[in-house]
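Per-chain residue numbering starts at 1, and chain names A, B, C and D are given in the order in which the chains are listed.
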Amino acid sequence: MSTLDFSTKIGSKRFSNPIFTASGCASSGQELSQFFPLTELGAIVTKSIMTKSRTGRLTPRMAETPSGMLNSIGLQGPGIDAFLENDIPWLVEQKAKIIVSIAGETVDEYGVLSRRLRAVSGISAVEVNISCPNVENRGQVFACHPDTSVAVIEAVRRNIGGELPIIAKLSPDVTDIVEIAAAVINAGVDGLALINTLLGMVIDTNSMRPKLAGKTGGLSGPAIRPVAVRAIYQVHQAFPNTPIVGMGGVASGRDAFELILAGASAVSIGTASFGSPNAAMLVKSQLSDLLIERGFNDFRDAIGFAHRGL
Amino acid sequence: MSTLDFSTKIGSKRFSNPIFTASGCASSGQELSQFFPLTELGAIVTKSIMTKSRTGRLTPRMAETPSGMLNSIGLQGPGIDAFLENDIPWLVEQKAKIIVSIAGETVDEYGVLSRRLRAVSGISAVEVNISCPNVENRGQVFACHPDTSVAVIEAVRRNIGGELPIIAKLSPDVTDIVEIAAAVINAGVDGLALINTLLGMVIDTNSMRPKLAGKTGGLSGPAIRPVAVRAIYQVHQAFPNTPIVGMGGVASGRDAFELILAGASAVSIGTASFGSPNAAMLVKSQLSDLLIERGFNDFRDAIGFAHRGL
Amino acid sequence: MIPHKINKAAKQILAEVISNKKFGPYHHIVFAVGDMAASIKPGNFVAISVGGEQSSLILRRAFAIYRAIDKGPMGGSIELVVAPHGQGSSWLCARAIGEFVDLIGPLGTSFGIPTSNANAMLIGGGYGSAPLFALAELLKNRGCRVDMVLGASTANKIFAPLEGKRTVSSLTLTTDDGSAGIHGQISEAIPRLIRELGTEVIYSCGPMGMLSAIAKIAKEFDIAHQCSVEESMACGIGVCMTCVVPIRSEENVKMVRTCIDGPVMDGSQIIWDRKEVSDLMGL
Amino acid sequence: MIPHKINKAAKQILAEVISNKKFGPYHHIVFAVGDMAASIKPGNFVAISVGGEQSSLILRRAFAIYRAIDKGPMGGSIELVVAPHGQGSSWLCARAIGEFVDLIGPLGTSFGIPTSNANAMLIGGGYGSAPLFALAELLKNRGCRVDMVLGASTANKIFAPLEGKRTVSSLTLTTDDGSAGIHGQISEAIPRLIRELGTEVIYSCGPMGMLSAIAKIAKEFDIAHQCSVEESMACGIGVCMTCVVPIRSEENVKMVRTCIDGPVMDGSQIIWDRKEVSDLMGL
C-alpha cells in the first residue's frame, strides 16, 4: 500500500489536505457538519462577510442552467460582529481549519474588516473577495481592474498585520487574468483563489423577463470548469511559486486532479455541495485514490504537473 | 391560425427568418445540405476565411466538457481565392443567403479580404471575426481591446465599399463587452455577433497534459448560454438600435427565444449542429411555434422584449 | 449555536422505487427508505437528485412527503405526489420500479400541533394537499376537529385520495373553472367556512399566491396560520441561501431559509407583498 | 462541387435496440434501422446521441458497423460491437431492448474492393475487428483469399465471433500478454505472415499506433494498405473539422476529415509521424 502525504501549504500555513469548501457554498459550516466532521476538510472557507449585516437580494435568487447554475444572493450575511461572536467560536470549537472570506463595497471597508480579524485566533487565512461592486467607482467590481484590486489588497495588508496569509479571489470576467494576478501578487498576497463565478443571465421564457430578481447572476458548476482550468493554468504558468486555491465546477476527484495538474495547491468545492452534501468528502477520497494510482507519494508533486516535461 | 412575420433585418438586408448557422459550425454548407435545403435558413454564415489557405492545428482538436465542448481548429481553410472560386458559387447556386465570415492576423489582412469581397455578388453581409490572435500585438486577440477592434473595423469599412452590412463578432473574454461594442458601433458596424467562444482548457487526467494539441480551446455549447444571454442583454440595453446576431449554446426554440428576448435580431446555431444536423430546422420550427403561442405576429416585436415593461 | 431548526434526522440514501402510479395529472411514487421513515414528521420534505449519471441537471428537486410508513411489508417507505412539470420532475415520474434515486430526508420543519383540542382547517392547492393528509391523521388522533379544503384550477388537479378523505370531518372542494365543488379560487371560499366551522387554526400548503391570500384572511380573523411555502431551492440543506422568504424582524426585513426555517412557517411572520419588502429594504 | 466523398445515403433516425448482449468485455448491440441497412457498405460507421434527454454529453459517439442485415425478421438491422470505455459508450451498453437511440448512418467511406482476385490480409486490433467480418465476406464472394489477423492486449479482448471466423481462409491471433495465439504486438507477427501468405493487399482497423506500424510494413513490402482510422469526432458529418488526419499533398500537409474522407483511407497517404507533421507545418 502506498502512503500519500496529502498536506498542502498556503503562505506560512499548512493544511492536512487540499480539499476546501468554496465561499458562500458552505454557509457557516453547521449545516454540512451534519453530514461529515468539518475536521475532514483541508479548510472551510466561510461565506464572504461584510462590515454590516445584509439582507441580500429578493427571490428568485437562483436559476439552474445546463451543467451549472446562476446565483444572486447579494452577500446576505450577519455582518462581522455577529460573525465573530457566533460563527467563528463554533467553528473553532469544532476544530475546523478556518479561512475567512471578506467583502466590502469600499476599499476602507476591507481595511476595517481586516483590522477586526487581526486579533482573532483560530483563523488560518483570509480570502479577499474582490468580485464585489465598487460603490466608489461606477459599481464595477474591484477585481475587474489591477488598480482597484491592488487598492483593496494594500488596505488588507496594512490592517491585518501578523502573518495571516492573504488570498486574493479573482474574477474570470476580465480581459487578462494574468495581469490582475500580477498586480495583486506584487501588492503582497500569499495566494490566489481562482475562479469566482462568471457573470450570466437567464431569461424566463414564460414571463419573458430575467429570471433572477437581481437580473444577472454568477454562473458556477461543471459548465465553467474549462474556464477555471484555463485561468489556473495561465496564472500558474506566469507565477509558479504563488499557491492557487482552485475552484469552478469540481464535482469529483478527477475534476479536482485536473485543477491541480493545471496548478492549484488546493481545491474548493462549491456548487457540487448543493448536489450532494458529501461532495467534498467524495472528491477527497477519489482524489487521494487517483494520486496514489498515478504514483504520487506527495500531493505537492502533482501541483502544476501538466506544465512539466512536455 | 395565427400568421407570423418571421423576417428580420440587419443593416439594409432582410432575411426570411432569424435562424442562421454559426461560423465554423456549418463548414461550407454542403455537408448540411444533405439534411435540409439551405434556403430554409435565414442565412448560412461561412467558416471564417483568411487570405491564404491554412492547415490549422494538430489533433486532438476537441474535448467534450459538461454541456459543452472545446475546439481548437486553428482556422483551417482553403484561403479566400479557393473559397470564392468554389464555395461561394455553390452556395449561390443553392440560392442560400450568405454571410461571409472573415479573419486575419493583421489589420491589413482584413482590408485585403474586404477588397476581395466587394465585387462578389450573392453575399448578404460580412461578419468580421475579430477573435483572432493579432500577430502584430503580442498575439492578443483583436476583440480584446477597443482600439485593435476599431482598427480592424475601419480597415473593413474602408475596403468593402457599397452597402454590404458589416457585423463585428465579439469575444466574451473581456472586462467590459459594452465598451468594445461601443467602439465598433462608433466605427460604423451595422450589427454585432455575440458571442464567440470562451477561452478554456481541459487537462487529460490520464496523460496529465492539456488534452488539446493547441492547449487552450474555445468553449461553446449550452454551458455558455447564460454568458451569451448576459452579453446580448447588456449590449442591447446600451445600443437598442444595433441588430445583434446572438449565439452561444442554442439547441432549441426555447433557447433561441431566450436570446431574442435579451435583444438578438437573429440567432446562430453552432455546436448544436454537431449533436444533430437538423438542429437549425428544429430550432426554427420550435421558435415559430413559441412566438405564435406567446401572441407575437411579428418576430421583430420579440427582440429585446425582456427589457420592456418591467 | 447550531440553528435550532436544522433537521438533525436528515440522511442521504439511495432509495428504491417500489411503486409508481399515475394519479390524475400526478404520479404517486413510493420509495423504500428503511429507518428514515420513522424520523419523518408531517410537513417535512425530501431532496432528490434528478437526471441520472450524465445529467446536465446538477441541483436536487424538493418534494413534500405525502405519507411515511414506518414498518410496511418493504420496511420503511415514503410516498410522494409529483407533478411532471419540468425536466427534473418529469424524469422522476419516469422512474421504473426497482430503480434507485439519491434522496436526502427528512428535511425542514414540520407542522406544529396545538397543545389542546382545536378546530383545524387544512387548506391545500393542487399537489399541495399531499402533506396535509398525514397532518390530518395526527390532528384527529390528538382530538382536533379537522376540516379540509382542497382547490385547484380544475377538477382532476385536486389531489384527494380516498383513504385521506376518511380522516377528515368535512371536505370542501373548489375549482377555478367550476368543474368540481365550489366555483372560484380557494381563498374566496375560506371566510365563510371559517365562520361556519368555527376554525381556530389554519394549516395551508400550495402556491405562494394562495398562501398569501390565506395569510390575509387568517390575519383578519386573527387566527393562527401555519403554511408550507415553496421557494426555488438549490441545495435543500441550508448551504446556498437561495430559498429565502422575507420575514418581519425588529430592524426591518430578514431573509430566512425555507429549507431550514421552513417549509412550514408562521404565515403571519412572512411579508407577502413584494412591494412592501422592497420598500422596507430601501430598494 | 460537393466533396464527392460525402456519404449521400446518411439519414438521421430513431433506432430501436433489438438485442444487447455481453460478449467478453464488449457489448454486441443490434438496432432496427429499416431501409438504412440496405445502403451500408463495409467500413461505414454510425454516430449515436448518448446520455438521454437531460444529458450533459452533447456530442455524438461514432461506432463502426459490424454487420448490416438488409431484410431480417425485424426488417433492416445493424450490429455494433461496443467497448464500455467512458460515459457515452457505457451509456450505450446499458440500453435495454425496446429503447430507442438517435442514430445517423451510414457515414464515411467504405473499404475499396480489388477489381481482380487478390490475397487480402485483414488486420484488426481489439474491437477494430468488427468491421472486418463483413469485408471478409464481401472479399470472399469476389473470389479473394482472406487471411485474418486479430490482436489485442489480452485474449478476451479479441473480438472474433464464430460466424465471422468461418468466412476466412486463415485466422491468426496475437496477444500482448501471450494469453492467446502469438505472444507480442500484432505488428510484430505481420511481416512473416505477409511472406507466408503472399499477401497483396492489407485492410486494417484498430488503434492508431497499430495502424501506423502496419502502414510502415505495407510500405516496406510495397503493398496497398487501406486502414480505418479513429480520430475524436465532434459531429461525424463533416461540419466541425475536429476529426482530421494529416495527409501528404503537393504543398506540404493537408488536414482531411476522417468522417468524410475516412474512416477508410489509404494508409500510405497519411503522415503517421507527429514530428514529421509539425516539421512540415513549420511548427
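Note that a contact is a pair of C-beta atoms (placed from the backbone, for glycine too) under 8 Å apart; a residue touches a chain by one contact, two chains touch by 3 or more.
Since the model is a prediction, treat every value here as computed from it, not as a measurement.
Q: So, comparing C-alpha centroids, which chain is the farthest one from chain D?
A: That would be chain C.
Q: Quick check: more C-beta contact pairs in A-C or B-C?
A: Counting C-beta pairs in contact for A-C and B-C gives the edge to A-C.
Q: What whole-number Å value describes the gap between the mean CA coordinates of chain B and chain D?
A: Measuring from centre to centre gives 35 Å for this pair.
Q: Per the centroid of Cα atoms for each chain, what is the distance between chain B and chain C, given in Å?
A: 47
Q: Measure off the straight-line distance from the CA centroid of chain C to the CA centroid of chain D, and report it in whole Å.
A: 56
Q: Using the touch rule from the top of the page, what residues of chain A touch 2 or more other chains?
A: 66-68, 221-222
Q: Of all the residues in chain C, which ones touch at least 2 other chains?
A: 56-57
Q: Touch graph across the chains, line, ring, star, complete or other?
A: Looks like everything touches everything, fully connected.
Q: Hey, which residues of chain D end up touching chain A in the complex?
A: 56
Q: With touch defined as at the start, can you tell me which chain C residues reach chain A in the complex?
A: Interface residues on the chain C side: 1-3, 6, 8, 10, 12, 49, 56-60, 102, 104, 231-232, 234-235, 237-246, 251-255, 260, 274, 277-278, 281, 283.
Q: Touching chain C in the complex: which residues of chain A?
A: Residue list for chain A touching chain C: 24-27, 30-35, 47, 53, 55-56, 58-62, 64, 66-69, 71, 73, 76, 86-87, 89-90, 221-222, 251, 271-278.
Q: Could you please specify the touching residues of chain B with respect to chain C in the complex?
A: Residue positions touching the partner: 66-67, 222.
Q: Can you tell me which positions in chain D touch chain C when the two form their complex?
A: Touch list, chain D to chain C: 50-57, 87, 91.
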